[in-house]
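You will see chain A twice below: alongside chain B first, and alongside chain C after that.
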Partner chain A sequence: MDSFFASLISVAFHGLAYGMILYVISVGLSITMGLMGFTNLAHGVFAMAGGYVLVTSLSKFNIPFPLALFLSFSLIALVSVVLEKLLYQRLYGAIELEQVLLTIGIIYIGVACARLTFGTLQQPVVLPEYLRGQFSLLGRDFPAYRVFIICFSSLIIGGLWFGVERTIWGAMVRASVDHGAMAQSIGINTKRLFTITFALGSGMAGLGGALGADIVAIQPTYPLEQLVFFLIVVSVGGLGSLKGPFVAALLIGVTDTACKYWIPELGSFFIYIATIALLLWRPAGLFGKRS
Partner chain B sequence: MKFLSFMRLGAVVSALAMAGMAQAQTVKIGFLSSYSGAAAAQGDQLDKGVKLYMKLNGDKLPPGVKVEVITRDDTGPNPDTAKRVAQELIVRDKVNFLTGFVWTPNMAAIAPLTTEAKVPFISMNAAGARIMNNAPYMARVSFTLWQSAYPLGQWAAKKYKKAYTAVSDFAPGHEAEEGFIKGFKEGGGEIVGSVRVPLANPDFVPFMQRIKDAKPDVIFGYNPAGKAASGMMKAYADLDLPKAGIKYIGTGDIVTDEELQGMGDVALGVTTVHHYSAASDRPSNKAFVAAYRKEYGEDHTPGFMAVGAWDAMDAIFYAIREQAGKVDPDKTMELLKKYKSTTSPRGAFSIDPETRDVINPEYLREVRKVNGKLANVEIETIGTAIKDPMKEADKKK
Partner chain C sequence: MSQHIGYSANARLRWTEVLPWVFSALVYYYLPEYLSLGARVLIYILFALSLDLIVGYSGIITLGHAAFFGVGAYTCGILSVRFHLTDPVLSLFISALVSAVLGLVTGAIILRTKRLTQLMLTLAIAALCLEVANKATNITGGADGLSGVSIAPIAGLFNFDMFGKTAFLWCLLVLFVGWYLVRRVIFSPFGASLTGIRENNLRMQAIGAGVYGKLMYVYTFSAALAGIAGALLTQTNQFVGLNVLGFEPSGELLVMLILGGVGRMYGAFVGPIVFLIAQDFLAKQFPEYWTLGIGVLLLFVVLFARGGILGMVDRILGLFKGSAK
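And now, the complex of A and B:
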């Protein structure tokens, strides 16, 4: 019984850490797709780029870890503004198929660029000394980095939540999405607002990719491989909500981990069955406002 | 760069086709590897091995004979695509040889094609042992899982009492698991648990936690190299299994030479059995590694897949030379059955005339630091000519 309780704790812990990572990487997509209504399948490209920024600044330039994290957020946000002006902006309000075609194209270009620049091997993350090793709690050891992920992600999530749900900026974004023309007519510069929001979403992706680089390996096919997970989180959580994807990511993280721990035979496909079942039950997702 | 040379190759092929010059003396080799998808890193090793061989030995042919390599992408463990491109190579390009494949499922998918079309195929890596039983035009120069897993099991039984196996959930993984368990149990060891990890799996920690809680003396691991190898090593480190006194052993795939540097010091002391290590000081290997680094850069290390590609090309060139360029599938297979290499980077090896499978030297290796870099140091030769123990066991049934 004691050992069962112990394994329950470690499953909960690892599931939580994995779920947090899933959420931090996916929340950007939930912003562009859910709030702005843009089907940005190339989300993983930004996450991957964030991972590469972190890995390169740590190993090549010896930049301290916190600064490297900040760089992966800000650089990716900046680059995404350029992309937004050049490409994305033209397809706001276009039909989803066109958006999908554009962003799938960006994925392939991103994959090829990554392979040319960094090669096909995955990039090792050189964590600083204070984030390595184990963290002892209640007689069990937990990997220190995962403890850090859980704490740091909670802060980010809290901040983001507050920003979108409780600030005037959040209200303006939601207004512009729901009724663009009306928002403009009361003096909201929707174009600039969307650019900023897009940059935030992409920057979050970059940060998530960087934060998770130690767990979800950074290598060229990252955007394609992880796409399924982002989409699952966002669609199970429901479009247009920030709370939904959070619950969905935790649910997936914990059940996936539990399944792999206790019934590994089911490990590979449990997550898909759960997704199908959830979407049959609630087609709009757990907290979806629209399907 | 690879894309460019691929395009150039395509241009050459189409130029030849347009000129209508179906030269009798041109031998065509269809080369299938993974250039896109999750396995591009492994496919890259095959590609580099083939290109290096062509550059250094591509002209060692009888007068008037030319070799043309037609490269195709199988996109990863994707049997449907593999079958389609192989079919195109056979029907449209009329290739005389097929070779390549990182992945066992792909090789299994084209086995009936090679039999029907009588096109000899040589596996550069794909290791699934039983595929070739009913495919008389297939041969292999890479390895089988039992060749390393079975002797490793016997060795481990002398040192450890309780083992836990963790393999990737596809045919070669199952074979590695069976081979190790048989060897380990025969030596008196006890298997306290087995887990099969899905191929598409980002986080290995839950599996490793399960193993840690079972408290074995040693973990036997197998995965198809690449990302999975690094992921598993990372989980081994993250949960600090070395501190819990749990050792990590496996086939050479878990610490491939090209990924090893990225794994970090946690890999130190990991013991594996395999047929190739880039760190070996055999003269044939030193020359190979030097040529490889000269071509691709000092920071590149060839892994066993690059060696598989190199040796497959050597076997094909041998068959072409022996027939003076007029290749016949049945004669080719007879020749391949007699193929013996003394110049391979892995040391001397041959093809078993009976099964067309490789007879390998196998080495016990340990990860150590050599000149500040991690390396698989060969500490013992387990055998110089090991036939696939699985087929030997099958025979007795």
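And now, the complex of A and C:
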């Protein structure tokens, strides 16, 4: 019984860490899809790029871990601004099919670039000394890095929620999500708002990819393989919402970990069934605003 | 010329519509070393045609059409390896039937939803099929795939030879039948109501057209066609692997269709030809990095050639016509 209890805690803990990563990566997708109505399938490319930035700056340039995390956020945010200006902006308001074509094109280019630069092998993460080892709490040992992931992500998420719910920028974002044309007509510069929000969301994806490099392996096929999970988080959570994807990400993180631990022969089978069932029950997602 | 083809257009056969068949005959006689690539292109054209019916003509958004392709391919492979049913015609029929049933069941689910939810559901269903094929190792062979698929001669007469001659002609014949059926559907009143649904779903409901039922019909038909394309792939390759299922082949197919031009019927011909030949060429030159070339091609089409290659052709021809006046 005690061993079952121990595995229960372990599954909940690892699932929580995984769910946090999923949320940090996907929340940007939720906001940009809700805000701009843009079907961005290439979101995983940003997460993968963030992972590569972290891994390279740790192993090649010996940059301290916190700085490397910051780099993976800011570099990806910067690159995404360029991409937004060059490519995405031209397709706002275009039909979904063309957005799909553009973003699949970006995935292909991202995959090829990753392969060219880093090869096909999975990139190992060299964690600093203070994040390795175990962390004891109430007589149980937890991997220190996962504890760090959970705490750090909570901070980031707290900051994001404060930003969206309590600042003037957040109010403008919410206004534009609710009614883009109206927001524009009362003088909100939606174009600039889109760019900033897009950069922030992509930067968060980069940060999430970097944080999760130890859990979700960084390799060239990352954007294709993880895409389903990011999209599930967004659609089950509900577009343009902050709370919804959070609940969805935690649900998926814990369920997926539990399935892989207790019934590995089913793989991700249960997740897909649950997604289909949930979307049938609530087509707009758990916290989606339109029914 | 190749304007949007549909009920309102003249249903008579245009001379441009004969071109694909003439072209195929030329390939058969003059480029025998490319017959296996040619068969692959023909299969993907059939697959893309089935997608054009639902994406281009009915406005259903899907990222999971490979579910039907893959299920058809696996059905054909399993019939041959596990049940020793090797007759090509019969196994095409059974594969079509199985895919159609899957289309009926999943269509009943996804056609109740719209936009992102619909996209997500199709993606989840395709991922589910992939996971089943991956985990049910004793039936599907799992990650190793299903090899040793043997196919009996067609009608007991034409053996699948090592040069791929029979396979090419067989694919061409099946594609021709598929093309004929799709063309009939598109030019029928039923096809017109599909276009109506795509253009304005609500208004179609308001005038009393049974939207859900019509979409169910076309979705099931499209699934059956995709299943036939999948089974053809198994018959020509004599192998089935996991790469026929999931998001990647679905996305690739959608890319081919949009590349050629959506909702024009012949976009489904042009797209796979350009995509697969580019892929074949790039994969030979740069085996590791060929996706880079394809990606750049896609960006180019999105930014400079909206409406796909056929859309661009229309615009260029329009320019000529304009200057002639």
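Worth pointing out:
Operating definition for what follows: the second predicted complex is superposed on the first by the 283 of 291 C-alpha atoms of A that agree within 3 Å, B and C clash if a C-alpha of one lies under 4 Å from a C-alpha of the other, contacts with A are read in each partner's own complex, and residues count from 1 in each chain.
Just so we're on the same page, a contact is a pair of C-beta atoms (placed from the backbone, for glycine too) under 8 Å apart; a residue touches a chain by one contact, two chains touch by 3 or more.
Every value quoted in this text rests on a predicted model; they were computed, and no experiment measured them.
Steric overlap between chain B and chain C is present once the structures are superposed on chain A.
Legend: residue contacts after superposition of the two complexes on their common chain; A:265 is shown touching both chain B and chain C. Within the superposed three-chain model, A:155 lies out of touch with both chain B and chain C [touch as defined at top]. Of the two partner chains, chain B is the only one that A:216 touches; chain C does not reach it.
Of the two partner chains placed around the shared chain by superposition, chain C is the only one that A:227 touches, whereas chain B remains out of contact. In the superposition on chain A, contact is made by A:116 with both chain B and chain C.
Residue contacts after overlaying the shared chain place A:186 against neither chain B nor chain C. Applying the stated contact rule after C-alpha superposition, one finds that A:104 touches chain C and leaves chain B untouched.
By the document's definition of touching, neither partner reaches A:168: not chain B, not chain C.
Comparing the listed stretches 60-68, 78-86, 150-158 or 186-194 of chain B against chain C after superposition, the clashing one is 78-86. Shared interface residues of chain A, touching chain B in one complex and chain C in the other, are 111-112, 115-116, 120, 224, 265, 267-269. The residues of chain A lying in touch with chain B in their complex are 3, 6-7, 10-11, 14, 18, 111-112, 115-116, 119-124, 133-134, 141, 143, 145-146, 214-217, 219-221, 224-226, 229, 256-258, 260-262, 264-265, 267-269.
Residue ranges on chain C touching chain A, taken from their complex, read 55, 61, 63, 109, 112-117, 119-121, 123-125, 127-128, 131-132, 134-135, 247-248, 251, 254-255, 258-259, 262, 288-292, 294-299, 301-303, 306.
The touching residues of chain B, when paired with chain A in their complex, are 1, 3, 36-38, 40-41, 44, 169, 195-203, 205-207, 209-210, 213, 226-227, 230-231, 234, 238-240, 243, 258-259, 261-264.
Within the complex formed with chain C, the residues of chain A that make contact are 33, 39, 41, 87, 90-91, 96-98, 100-102, 104-113, 115-116, 120, 224, 227-228, 231-232, 234-235, 239, 265-269, 272-273, 275-276, 279-280, 283-285.
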